[in-house]
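Look for chain A in each of the two complexes below; its partner is chain B in the first and chain C in the second.
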Partner chain A sequence: MNRKFLALLPLLAFVLICVFLYQGLFANPRELQTGRIGQAMPSFNLPDLMQDDKRWQQTDLQGEVYLLNVWGTWCPTCLAELGYLTQLREQGVKIVGLYYVQSYDSDFDGPFDMDSLREEVSTMLSRAGDPYQFNILDLERTLALDLGVSGAPETFLVDSNGTILLHHTGDINPRVWRAKFAPIMQELTP
Partner chain B sequence: MIPEIGYFSLTLAMVLSVLLCIFPLWGAHTGNLRLMRAAPSLAVGQFAFVLISFAALIYASLTDDFTVAYVAYHSSSTLPWYYKITSTWGGHEGAILLWLVMQAGWTAVVAMRSQSLPWILRARVLGVLGFLGVGFMLYTLLMSSPFELLLPYYPVEGRDLNPLLQDPGMIIHPPLLYMGYVGLSVSFSFAIAALLTGKLDNTWAKWSRPWTMTAWGFLTLGITIGSWWAYAELGWGGWWFWDPVENASLMPWLVATALLHSLSVTEKRGVFKSWTVLLAIAAFSFSLLGTFIVRSGIIVSVHAFATDPDRGLFILAFLAIVVGGGLALYALRVSEVKSEGRYKLVSREVALWLNNIFLVVATLIVLLGTLLPMIHKEMGLGSISIGEPFFNKMFAILLVPFAILMGIGPLLRWKQNKWAFLQNKLLLCALASIAVTSAWLFLGYDDVAPLTLLATTLAVWIVFTTVLDIVDKTRVHGSLQNGLKRLSVSYWAMVLGHIGIAFVIAGVTLTSAYSVERDVSMKPLEVVSLNQYDYRFEGVKDIRGPNYSGHAGVVTVLKEGDKVARLYAEKRQYDIGMQFMTEAAIDAGFTRDLYLALGEQLSNGGWSLRIYHKPYVRWMWLGGILISLAGFMILGDKRYRNNKKREQKNQSEVA
Partner chain C sequence: MKYLFIGLVLLFSFAVSAEQDRYVFANDEQAKRFGELTKELRCPKCQNQNIADSDAVVAKDLRDKVIVLVKEGKSKDEVIEYMIDRYGYFVHYEPPVTPATLILWVLPILIVIIGFGFIVIRQRKAAIKQNWNDQDEELLAKLIAQNQRQEQK
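Entry: the complex of A and B
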């Protein structure tokens, strides 16, 4: 009896794995379980990317529906979506950039080379289109961490009360816009 | 016209494989020899038609037939001819067709090389292989035909092969890997046939062994070349990322390694029979599971193949039938099997049993690490990520007992051994390896971490104990020459395999511990130095390839004023996709690689360059090649050739 059961064990283990694989097949692994949807925009106080003395807080953004687009010049997909985002801006969508610095640690790396970053940013934006009202610089990635950003590009849709309605990972293209963003945008602007 | 021939030919092959599945299995069940005899010709016929089908796809690709959707998406007219051929397995549909070629090829070879088997077993082996063929062909014809047409509106130019795949490593990596995956289906079929027949004796192990070894050899070579490709092509000097797709190839390798050790015990001593059969089923199951993971998109991976739940569902159903059926048969039959041999604690049997335990634990670690994030999420526990640190730590822990055992195991005899006999020799080996390794590392490097010292010592230990074993075994036969001649090919295969592992361990350890890199910004004729090498940046020149343009950073490497190499680190832009690709420049050496990747031009006119000095990195692939040679060597063993004489005897047994 014991021996028979032992011989059955591999089969049982395999069936269990199969059940999980079957479920996994219909779950979308690219969907992030973001805990941020429905919550308020976290508070922050961060500098502007282009102007030395300007700082931004979450209260500055309230009162309008906007997209918060996490991006960086190091990210090719971000470059790819700039064109379409610029079209969206021309249609009247307010887009705020959250500039994500990939690997900088003030404890180790010494002073940050602001000038070369600004130059890189302006070259890229003048070449591929500039969709941003302004850019917030998240040098230590604190806001990105609070938002649960896992990479770039990612985009948050925030309503006029400062509530996050959507968190999209990956680029925004016409298809994604129609499927995910446009329905919510329509509800927000009657 | 030609694509239609391809599709039609594949349909014919499918018909033949349906017959190949039914005839011999039914014949073996009813004892009808005529039905069983049909199997070999059906197998060869099936292979011929699959080959025609594959040739049709290659032809379409070579002639830039962009009416074929697959060619339009994965090739272009500017691609060099050899990449046009390799583009036929650069995408999902073509890769599955290549898999079919391998599957049919192995089946045909088994059909031709199995004359010495009793008809009942031979028919069942081929029948099971036929069944596997039916599954994959059905999948190709219904879900992923590479012959879909884009008529009437077809493009004038194709989308080109992903530049990452335009590399010599990519030409051979998938075919080798598939040879390994599919080859394990032969071991699987032997196991199923033996279970059906109810005779799990050591003859089964003997027949299965050369096939398993060969498949394992291919798998090893495939993984090795995959790692080398990642190193040379991805441009950040890494060689293994514990990515789900890599894990998918590592799992069958680990199980197959356990299997061939277990097979040797079953063959020679008649013990561990049921365990060996289970491993044979498991090895191929992991190949299929790997395919499922890669092809269904169930796990996000950097390799990200095009995904589709319908396809995943088909593969999962097929997996469930094949593996579930195999394991159910196992559960039914195996409780009748009895172990014959007896052995003591200090014996080769126990050493091999421990080897199996370690390898299976390693497999489970990889399996858990790969699937746990998904299971965790499905159970509503949130997203987790399991990465390199987990695997590295687990494998480092496993390595220590495993490597120690690897040194002792071959020295032990079957049944029992007097420990006192070995004690002194082993102690000597251990001291010698510690002494040699310490001298090697402390003289070469300022800073030696305990873990580095330990792992390297273990590698040296494996080499020393292996040499000790050779000396021991030859001394029995009087002179050294006489003794060396007496050692069997299988023995040399083992020696080669173990030395190969030692190289892998040493290579991985030393390159992980002592690789250094520098990010620099250089203007022409500037010099930077890294680990006794000076790199003089000569400037950047334009380059033009068949389907790309770009520029190359020219760097002269000097050591104490003497020129060592001139390196061209390229940045390519491919004409069609406009993707940028970094083509690292590598100066390969036995004890170190100099690795150079070109970055962007900076605003001050200089260029950013990343320079790596990677000691002993090549040992890893050298080890891999040695291990795979061990797998192929067994084909030269007399015991597994010249079996034809026994053929008549076996046939008369059946009649």
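Entry: the complex of A and C
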């Protein structure tokens, strides 16, 4: 009996390793970035994307549940999700854009060309849908770094106290919305 | 050919010195800390590279932040904690000991202990089986004697 069991041991180990590795095939390695969940929105003071004199702070956002959507015109996946986000806006979801400038470096690139960026943004939003209440411009990506953003698109779900409840990497589509966002939204707005 | 080789060597040595000049630190200790940190911190975008190797925008941002923090005199642990606060444990190549990662730390030790335990138990069993008595001794002596006689023939 004992001997038979010992003979089966390698097979057993093999099966266990197979199960472990098989699971790995379907795991999403990008799900792991959860540095800021459960914490307060970090403080910031950043300009509006479209208006020269307007600035936004984290206190301006408090009091309502909102999505903070990190995006840029350079990012094709962001373009793809604009349509669905616009639908969500029509359903009453408040969406704030955090405009992530891909590769601007104040030390090397000289003055930033604001006008051409605004033109690009308006063209894209008028074509694909505009889900945003307003857009915050994060030129040097300081708020992005404080939030643990690794690229675009990424979306944060923030409650009315300013606590970050969810950090989603990748686009938002009906499936992602149903699985990840809708259950939390339902709890927040009964 | 020889000059071409020398030229190539000079070309590459310039490239290296230029690369190092990009980051100027107050002392060698800070420069060393920066080097260590950029090798230990993982790029959140291209996941199998550290932030020293990666060309992703976020890796460059993290490098710049590490420079700022190191220049402020922050220790290595403080910088790592700053990054973990924002990007999660994921951003550091050395996983912390938590209930979820405990298996990574315990399993190798467990396997070694089980392995040695297995060997010890086997040897003990083998030792018990060897109950050598006088009869066996006689038999052995007889066999040796027989064998020697055969050889002499």
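In this section, the second predicted complex is superposed on the first by the 162 of 190 C-alpha atoms of A that agree within 3 Å, B and C clash if a C-alpha of one lies under 4 Å from a C-alpha of the other, contacts with A are read in each partner's own complex, and residues count from 1 in each chain.
We take it that a contact is a pair of C-beta atoms (placed from the backbone, for glycine too) under 8 Å apart; a residue touches a chain by one contact, two chains touch by 3 or more.
Being a predicted model, the structure only gives us computed values, none of them experimental.
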{"item": "Which superposed partner A:Phe14 touches (first chain B, second chain C, both, neither)", "value": "first"}
{"item": "Which of chain B and chain C A:Ser116 touches, first, second, both or neither", "value": "first"}
{"item": "Per-residue contact with chain A, leading partner among chain C and chain B", "value": "B"}
{"item": "First, second, both or neither for A:Gln102, with chain B first and chain C second", "value": "second"}
{"item": "Touching partner for A:Arg175 - first (chain B), second (chain C), both, neither", "value": "neither"}
{"item": "First, second, both or neither for A:Leu145, with chain B first and chain C second", "value": "second"}
{"item": "Common ground on chain A, meaning residues reached by chain C in one complex and by chain B in the other", "value": "29-30, 32-33"}
{"item": "Residue ranges of chain A touching chain C (in the complex, touch as defined)", "value": "29-30, 32-36, 102-103, 141, 144-151"}
{"item": "Touch list for chain C against partner chain A, complex", "value": "44-45, 47, 56-58, 61-62, 65, 84-91"}
{"item": "Contact set on chain B toward chain A in their complex", "value": "274, 278, 281-282, 285, 289, 292, 296-300, 309, 312-313, 316, 319-320, 323-324, 327-328, 330-331, 334-335, 371, 374-375, 377-378, 382-383, 580, 602-603"}
{"item": "Chain B-facing residues of chain A, complex", "value": "3-4, 7-8, 10-11, 14-15, 17-18, 20-27, 29-30, 32-33, 76, 116, 119"}
